[in-house]
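Structures given as structure tokens follow.
Below, subunit A partners subunit B and then partners subunit C, in two separate complexes.
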Partner chain A sequence: MDAANPLLSVDRLTIDIGGANVVDDVSFTVAPGKVMALVGESGCGKSLTSYAMLGLLPPAARRTAGRIMLENTDLAALSERQFRKARGKDISIIFQEPSASLDPLTTVGSQIAEAYRVHHGVSKAEAYEKARQMLVDVGIPDPTRRLDQYPFELSGGMCQRIMISIALICGPRVLVADEPTTALDVTIQAQILDLMKKLVADRGTAIVLITHDMGVVADIADDVAVMYAGRIAEIAPVHDLFRQPKHPYTALLLASVPKLDDAPKADLATIEGTVPTPNEFGAGCRFTERCPLATDKCRTEQPPLFDCGGGHRSACWHIDRMAEIREVAA
Partner chain B sequence: MLRYAVERLIQAIIAIFGVLTIVFVVMHLSGDPTLLLVPQDASAEMIAQLRSQLGFDRPIWVQYLEYLGGLAHFDFGISVVQRVPAFDIVVSRVPYTAMLAAGALVVAIGMGIPAGIIMATRRGGWLERLLTAIVVTGQSVPTFLSGIVLIFFFGVTLRWLPTSGSGDFASLIMPSLALGAISMSTFARMTRISIIDELGKDYVRAGRARGLSLGSVVFRHVLRNAAIPVITIAALEIGNLLAGAVIVETVFAWPGIGQLAIQSIQSRDFLVVQVIVLLISFVYVLTSVIADFVYALVDPRIRLVR
Partner chain C sequence: MSEQQNVLEIRDVAVHFGGRGGLLGKAGPVVKAVNGVDLDIARGETVALVGESGCGKSTLSNTIVGLQAPISGSVRISGEEVVGADRRQLNDIRRKVQMIFQDPALSLDPRSTVGATIGEPLIVRGVAKGRALKERVATLLQQVGLRPEHADRYPHQFSGGQRQRVVIARALALEPDLLICDEPVSALDVSVRAQILNLLVALQKRTGVSYLFVSHDLGVVRHICDRVVVMYLGRFVEMADRDTFFANPKHPYTKALMSAVPEADPQVQRSKERLILGGELPSPANIPSGCAFHTRCPLATEICSKERPELTSRADGARVACHHA
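Then we have the complex of A and B:
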């Protein structure tokens, strides 16, 4: 990982809901033009982390510690009024449900232009011209006609391109993508991922990609942080993580992805047990109950993120016993 | 859009036709009006003579066609009590009720919608609690009671406003408040619920994510979306106001069609009652047609698809 010159660094972020740390001590950095993927199952805190980066946490959730540094500014320390100036301009987000994220009663053109006019005092005509240009950039044919259409007249993939236009029209340095392709069908997913790759390459935008899809991660990410029950289990460059997982959770997760050369109708590999709920979080490692390597130490002491070299870090007391996991998984 | 408009108009015509038919049938089910028109000691011959003179001895379908034919010429019959066309009697009272309904609507919408917006966006504040108290009161006090309380307080005790009559603007204030109070509460509750519902939607978070303040998102996007269910309520409430006018006009001695309806029922002037029922039904149907067109103006999904 290019830790020398990060654009965005989330530093020891902790988020509380009803007295439980549903995001606990989460740190990662992203360099310009890179894609950092946050992966994990539903409820692991990855979406809350993304909302915290935009200052849009739901009312029940509270950031209790941590910094969100965008170059030299701590976004988390900004007032709501100051944060508003950064939203959409310095850091943007696209969501899982593109169609629901657009106002159904307003034309897409007016919504894209609005995103530009919030941050720049320009005429409506000028903002519309910007919006038209943006539609060309995200590969929407016949942009002039599209600007006057309403969200219900566009497909899900088209709506996600509109959301990307809204997110990028002010040229933000960081784009947070919260499961941007989950609601789309597979061929459209590939198109949207290609588009995001191109945008990273052209503009040097840093992307924080929230997903639970390992295929998407392999396709687009440079680095991966695997989250489990609110904590980072393992963080590594994408190839290292896939080739040499150093946390039992990651290893079992990768083993559960079905492969083409599996025997037909073979049982899918699963991880025994369920994710602990926030009131079941103990003092030790949160994966203990499901982990084949667990010892008494795991139950009582939270492992720190050990540095394994080359930007690869893992929060496990038993990194040296990972060979055993490979046997379990095989 | 054209197909949508034609569909709505055809539905409205069917609805009005249904109302005409129901009014006709109910008038006949409630008995032969001849008996009401003759003196107590009339002989059977006199009754039969009057009955055939009025045409009530003919088959019901003949009477029905004649009734429809008369309506087509705006002939609603002659009031048996006042001996002038029933339609003219009702029309002379319409401006008063229209004025009262407009006043009540100003109270209901002008106070109800802003109250609903504040209750939805300032949740947990003292202003929300105060407005909730007003809305619950407006909703739960029956019109005849609130009318009498208003008369007692502003008319008798404070002597600020006239207790009855229809001379000027001042005399319109209390009847409008009494009639509009319940509708005001309905508008406030619907607006509040509708906005809270919209605030939970994804496009609100997305709007904030592009740098809009919550207030701007509400003003530019939420209110329009929240308006759709409120329009439905508005159409129904206008009809309800006319029904409520019967009570309010009686309490305030306001010479509108509500008061006329009560007087006509008491004097068994059935043709006048019939015109009033038709008029109120017509207003009901008309407002719901207007509401359908307002939906189409607000919502492109209706305007463009159908």
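Then we have the complex of A and C:
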């Protein structure tokens, strides 16, 4: 991780819904041209964290602490008016279901051009030309014809390319991608992931990738933050995380994915129980109830993120006992 | 029924949609969703049906349970013909084949307790009532890893994984021979997926039920299946037993699928050979001539756009429909 020169740094972000810290003390940084993956199961707070970066928190959610620094600007402190200027230009987002994000009654060309005209005082013709170039960049064949089409005339993969065009046309430095390929078929997913890699490399865009798919993480991420019940359980460069997970949750999560060399129909490692709901959060580590390593200390004391060196940090009191987890998982 | 008898036998099934009485009396396009498909599933066997959206796998599943009539061909479940069966016959056949879907929340009635949901097929079929029904429901709940007292709860009181267990319990209530699992773990969180896969394997060992496992996740397929069938635009393009299939995939589409599914290991994933398909799945209303895959195929030559390759057997037992594989 390029900690020395981060573009975006989320610093001790805490978000409250109904008195519970659904995002609790979350910190990470992303450097230009890098992909930071936020991984976790439903309800772990990964989407809320990313929505906070764009001022898109639902009304019930409130940021109670922390900063989101995009270079020298604290995004979390912006007013809605200021956010309107920042969104699209400094930071953009794409969502899981592209057809739900596009206006069905407007041509895709006008939707892309609009995104440009909001931030640049140019003529319609000029904005359309920009949009056409953008379609070329995201690999859409026959762009001139496509500009005049409506979303329903395009496939899911095409619509996601349109979304990426809208998100990137003003050259934002940060792109938040919330499960960008989950709704797509695998061969189309591969195309979109390749496109994202290319854009990162060509434009130096920093990507915050929200996903639950360890395969997608393995493909595209530089760094990974594993979230559990609103907290970061472990954060590490991607190779370190997969090779040597230092949090029981990560280790079990990785072990529960079927591998090439597994015996067919052998029992997969499972994580017993379910994720606690916010009103079940205790004083200690939130993974305690499902953790094979849990002790009394875990129940009462929240572990801090211990530094394991090389940018690898884990919030577990028992990092030295990880070998036991590997036995459980094997 | 003899032990050797196949649970499912499909012969030359074709399912087409549309074509007549379209808007303003004009004939609409014919969507050839499934074409010339043959498939057998043996007792206790798990066959994976792999393909992308629009390839016809859901249409085929619906045809097997008699929800969709084919225009030609035969579908036999435990020896009994589904195609052309009347309502009463279909009713009998449907005890032997059940289906579970991707999203358990959409498969359960939110206003019924799970006990009532699981018991309903037993009541409808007159299998059990009263105390016996309650006991049977309790046993089913335990079989899927839930507790008997869960019978009084409603779906919203369960997590996604638990709801899928309820759906499985209901599907197993009538002790079917064949369970069609349509993406049964895709909507579930990763840690819960493993629990449901383990459950499906354990239930099969105990009851001998066969699975037709529809999925796009080759990691899951490799884990749970005995045989794999790949479908593209309504036709099977490759079928092989699990080890042959994964050790030596032959059809270029199969190879592309394997290359597209990201491995959960950055080292493997980033060093593997990539074969990224251009373009998109053509519309099933306008299937390309010859081999339907030739528009996206890296190996395509002239013959591919003219002649449709048949499924032919290879030395290792795999069957592949490709001129060049």
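To be clear about the criterion, the second predicted complex is superposed on the first by the 330 of 330 C-alpha atoms of A that agree within 3 Å, B and C clash if a C-alpha of one lies under 4 Å from a C-alpha of the other, contacts with A are read in each partner's own complex, and residues count from 1 in each chain.
Everything that follows uses one rule, which is that contacts are C-beta pairs under 8 Å (C-beta built on N, C-alpha and C of every residue); 3 or more make two chains touch, one makes a residue touch a chain.
Just so we're clear, the structure is a prediction, and the values are computed from it rather than from any experiment.
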Could you tell me whether subunit B and subunit C fit or clash when both sit on subunit A in the superposition?
fit
Check whether A:E179 is in contact with subunit B, with subunit C, with both or with neither, and answer first, second, both or neither.
neither
Does the superposition put A:D223 against subunit B (first), subunit C (second), both, or neither?
neither
In the overlaid three-chain picture, which partner chain does A:G215 touch, first (subunit B) or second (subunit C), both, or neither?
second
Figure out whether A:E153 sits in contact with subunit B (first) or subunit C (second), or with both, or with neither.
first
Note, angle between subunit B and subunit C viewed from the Cα centre of subunit A, nearest 10 degrees, works out at 70
If you stack the two complexes on chain A, which partner ends up touching A:D103: first (subunit B), second (subunit C), both, or neither?
first
I'd like to know which partner A:R84 touches here: subunit B for first, subunit C for second, both or neither.
first
For A:S92, is the partner it touches subunit B (first), subunit C (second), both, or none of the two (neither)?
first
Return the chain, subunit B or subunit C, that is in touch with more residues of subunit A.
C
A:D25 in the overlay: touching subunit B, subunit C, both, or neither? Say first, second, both or neither.
neither
Quick check: superposed on A, how many Å separate the nearest Cα atoms of subunit B and subunit C?
6
Touch list for subunit A against partner subunit B, complex:
54, 56, 84-89, 92-93, 95, 97, 100-106, 114-115, 118-119, 150, 152-153, 163, 166-167, 170
List of subunit B residues in touch with subunit A within their complex
201-203, 205-213, 216, 220-221, 224-225, 298-301, 304-305
Which part of subunit A faces subunit C closely enough to touch in the complex?
41-42, 155, 157-158, 185-191, 193-194, 212-219, 221, 238-239, 242-243, 252-254, 256-260, 262, 264-265, 267-271, 274-275
Residues of subunit C defined as touching subunit A within the complex
52-53, 159-162, 189-195, 197-198, 201, 216, 219-220, 222-226, 242, 246, 256-257, 259-270, 274, 276-277, 280-281
